[in-house]
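Each in structure tokens, the structures are laid out below.
There are two complexes below, and they share chain A, which is joined by chain B in the first and by chain C in the second.
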Partner chain A sequence: MGVYIQAAAQISVQNPLCDDWLDNPIQYQVPYQRSLEPDYKKFLDPVASRRMGRILKRAIATSVTVAGSSGITNPDAIIVGTGLGCIETTEKFLLALVQEGEEFLQPTNFINSTHNTIASHIAVHMKCNGYNSTYVHLGVSFESALLDAFMQFQLGRIHTALVGGHDEMIPNYFKILDKVGFWEGKMASECAVSFMLGDTPCRNPMARIREVVMLHNATAQREEEVINQVCERMETARNDWDTLPTVKPVFGESFTSQAFEMYAAAVKMQRGLIADNILLTNHYRGTETSLIFLSKC
Partner chain B sequence: METLIFDLKKQIIEALNLEDVTPDDIDTNAPLFVEGLGLDSIDALELIVLMEKQYGIKLEDPGKSKEIFRSVATMADYISKNRQK
Partner chain C sequence: MKVYVTGFGIISALGLGAGSTLDALFNRQSGVGPLRWLETMHSHLPCAEVPFSTQELRKMAGVAQDKVITRTALMGILALKEALEMALWNEHKPLNPVLISGTTVGGMENTERFFLDFLSPDTSHDQYILAHDCGVCTQMIADHFGHFDMLSTLSTACSSAANALVLAADMIRTGRTSMAVAGGSECLSKFHLNGFNTLKILDKDPCRPFDDTRAGLNLGEGAAYLVLESEESAKARGVKPICLLSGYGNACDAYHQTASSPEGDGAVLSMKKALQEAGLSTQQIDYVNAHGTGTPNNDESEGKALMRVFGADTVPPVSSTKSFTGHTTSAAGSVESVISILALLNNFLPVNLNYSNPMGMLSFRPVTDEKPSRPLSHVMTNSFGFGGNDTTCIFSKI
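After this line comes the complex of A and B, so read on.
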């Protein structure tokens, strides 16, 4: 069984829904930058989009794009990872709650303020009635969603899956996190990355996902042990696996930035710009570790 | 009444986030739901909140909603007769 990245698309601080960032990345010298938006009228009619916050529009635009590129318009599963969910709508709802004395609360903001609004809106838009799930685990949210998809592929329960990492960052939340030193000098940004995965490679798959591992409170030694075990299982040597410099200087930092790391690795791998085997690691807050093993197809 | 109708149209556009729609685009007598602006049940909830927030009107009888929200004209008429602020 293989799990293949059939298509991927991003909306970020770089030009949206394209790979311009690879040759001509936009440089920023700011602590916080919101994403550059595409023309959503190409994806959503105004009646449908008027109730959607930016994160929902981005999720749908990237999802529709990968569905189009891969030809998989009705995936078996839609799985989303998000650190904060629809935080902008949540803020609107909570502000109204405070400012209006818990009266006059707008139903749309209430409906759209839950984290699983993203995956459910994608499903409604794409008319997908299959498995639908959302993972909210801060800095390892995306990997949690990916791991769910990977395990379901392994069990043979699904053959295609749309997996996304989606987060928005609002000025107030940026400031709060800035005060506690969360950003560590990195540019705060937003994330919208969708991947279409399948167990049968399409004509030109971007990469193959060989393994996804998540560890909790693992020491460096334990992490290395696990990597070696995975390598042994895949009948590869440890030194067959390269790492890549982070793309956070290009895409910025968000709770789901690891989606950008996988996206960038897949794009580069498809173009033959990097080694054939890449190990992506994420260490979040010193307690959560994720390992994604990618190979060239 | 003309001022009320104009203000109401602006408030509806804002509350329902009707992008690219101006007050002049909304026919005062056209149906708000299904036809005309093509609003739906969630929009109806937004309009109920709008009426209470902007004009202090609490709709006690749901049975009357259909007639009150038939068009901007019927909404403005109801507001002018029942507004608390």
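After this line comes the complex of A and C, so read on.
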């Protein structure tokens, strides 16, 4: 069984829905930067667009883009990872609640506050009745979604999957997290990356996902043990696997940053700019670890 | 590969533990009543609160006074403790177990109290800032016990816990672990009580699922976890399996963010997938624990879906136990899985309380008599979430 990245698309602090960042990254010297928005007219009618928060619009735009470029318009599964979900809408409801009390609250802001709003909006937009799930596990939310998709392929239940990492960052939440030293000097940003995965490689797949592993409170020794086990299973040597410098200086920091790391690695792999086997590791605040094994197709 | 249940634990408005839950179900004692703990202007709305204050839960769980923790995590710890004890966790530690938990509200109970402080220079409640995240809730529960090798957190609204079971079972089936503990936990918060209230789907009276006069749901709170294990692991640890998680299905209604499609398309798909996965025919299902929220929309849509899947004249005994536990939202999938397992093990049908008027468009009536016409071998439970996240699980006797 193979799991192939057939297409990927991003909306971020870099130019949206393209690879301009690779040769001409926009440089920022700010603690917090929101995403550069594409023209949503191509993806949504103005009425629908007005009703949606930015995180939903980005999710739809990146999803529709990868559906178009891969030709897979009705994926068997839609799985999203998001650290904070629709935090902008959540905040609207929360602020109204704590400032104005319980009398005059708006249902729309509650309806769009749940984390699974993103995956379900994509499903409604693309008319997909298949497997649908949402992961909200801190800095490894995206990897949780990817692991689920990978297992659905392994179990032969699906042939295609749309997997996304989506997070938005609002000024108040940036401030609150800054107050407890969360950002550690990195630029806070937002994330919208969608991947179309398939078990049969298309004409020009970007990369092949070989394995996805998550660990909790893992020691360096436990992590190495798991990496060696995976290598053994894949019949590759441990030193066949290279690492890459992080792309956080380009895309910033968010709960789903690892989606950018996988996206950037896939773009570079497709162009032959990096080694054929890449291990992407993520250590979130010393408690959650993820490992993504990517190979050239 | 077969996935066995080797332990389960529950806390809800019916009390702590499988014993209290079973007693309440047998004695037809609902946990729905006036609010005791949650401070809200909507105190006229009946809810199903866990009958312990957060302080009492902290003591029961043995969590130190100065430790930052949430009510959701405390309920999770208590449910998990029962499940792990049943599965002989301490006697025979499993190899690299995982914990998958479902929640939506996360640490909102504190965020809604301290949000303005968070935004001000006041730092006295800043310890709750990071505790807002759903994933932190899972960490708090896992780290109370230690030894968990991987964690993840599901959030598909009211089907979160059911989807946690799905992921956990798949982790066993793909050989990633030999034991996966899964379920969900959710406490009541002003945030979601008000949220549901703005949708005008909360009944001012005790809910009446599948009744023609039904007028909405009652919110509840609780937690439940199941220990799922491979046959090999259960054998090696000397644990007697309780039952099988024989099948499950996840589908998306893809219709509307809060409403179900009129004919229950997503529900039909999730039930069919679960039956197929379990290799069972519709005639083999002895009981269905419905999602049955008591809202006009859900019960009509789910009822029609049940008729489509099972045939209008051959729908098995169906009940919604939300008339006992309230709608425990993200925990509902595992709370109702435990209730379904209790029904399976004790050969009884949990009744659908507060039912008296048949719904015209449905061919079946919900269960009002505990006595089944045949011993139970396979039971099904439905969990549907906002956004059309529909999931069905089937448990079978061994």
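Please note the rule applied: the second predicted complex is superposed on the first by the 297 of 297 C-alpha atoms of A that agree within 3 Å, B and C clash if a C-alpha of one lies under 4 Å from a C-alpha of the other, contacts with A are read in each partner's own complex, and residues count from 1 in each chain.
Just so we're on the same page, contacts are C-beta pairs under 8 Å (C-beta built on N, C-alpha and C of every residue); 3 or more make two chains touch, one makes a residue touch a chain.
Computed from a prediction, not measured in an experiment: that's the story for all the values here.
Colleague: Superpose on chain A as described above, then tell me if chain B and chain C fit or clash.
Modeller: Fit: chain B and chain C sit side by side once superposed on chain A.
Colleague: Chain A residues in contact: does chain B have more, or chain C?
Modeller: Residues of chain A touched, chain B against chain C: more for C.
Colleague: Answer with first, second, both or neither: which of chain B and chain C does A:R50 touch in the superposed model?
Modeller: In the superposition, A:R50 contacts chain B only.
Colleague: Return first, second, both or neither, reflecting whether A:E103 touches chain B, chain C, both chains, or no partner chain.
Modeller: both
Colleague: So, A:V180: does it touch chain B (first), chain C (second), both, or neither?
Modeller: In the superposition, A:V180 contacts chain C only.
Colleague: One more residue to check, A:G286. First (chain B), second (chain C), both or neither?
Modeller: A:G286 contacts neither chain B nor chain C.
Colleague: At the CA centre of chain A, how far apart in angle are the CA centres of chain B and chain C, to the nearest 10 degrees?
Modeller: Result: 70 degrees, to the nearest ten.
Colleague: Pick one for A:G272: touches chain B only (first), chain C only (second), both, or neither.
Modeller: neither
Colleague: Contacts for A:I111 in the overlay, against chain B (first) and chain C (second): which applies, first, second, both or neither?
Modeller: A:I111 sits against chain B and chain C alike.
Colleague: Of the two partner chains, chain B (first) and chain C (second), which one does A:L138 touch, if any: first, second, both, or neither?
Modeller: second
Colleague: Once the structures are superposed on A, label A:G156 by its partner contacts, choosing first (chain B), second (chain C), both or neither.
Modeller: In the superposed model, A:G156 contacts neither chain B nor chain C.
Colleague: By how many Å are the closest C-alpha atoms of chain B and chain C apart after the superposition?
Modeller: Minimum C-alpha separation, chain B to chain C, in the superposed model is 9 Å.
Colleague: Where on chain A do the contacts from chain B and from chain C line up?
Modeller: Looking at chain A, the two contact sets intersect at 103, 105-107, 111.
Colleague: Could you please specify the touching residues of chain A with respect to chain B in the complex?
Modeller: Those in contact with chain B are residues 46-47, 49-51, 100, 103-108, 111.
Colleague: Where on chain C does chain A make contact in their complex?
Modeller: Touch residues, chain C against chain A: 40-42, 103-104, 106, 111-112, 115-116, 118-119, 123, 126, 129-130, 133-136, 138-139, 142-143, 148-157, 163, 166-167, 170-171, 173-174, 176, 190-192, 194-199, 250-258, 265-266, 269, 385-389.
Colleague: Which chain B residues qualify as touching chain A in the complex?
Modeller: On the chain B side, the touching residues are 15-20, 38, 42, 45-46, 49, 52-53.
Colleague: Using the touch definition from the top, list the residues of chain A that touch chain C in their complex.
Modeller: Chain A reaches chain C through residues 78, 83-85, 93-95, 97-99, 101-103, 105-107, 110-117, 119-121, 123-124, 126-138, 140-141, 144, 147-148, 151-152, 154-155, 172, 175-177, 179-180, 182, 214-218, 222, 287-288.
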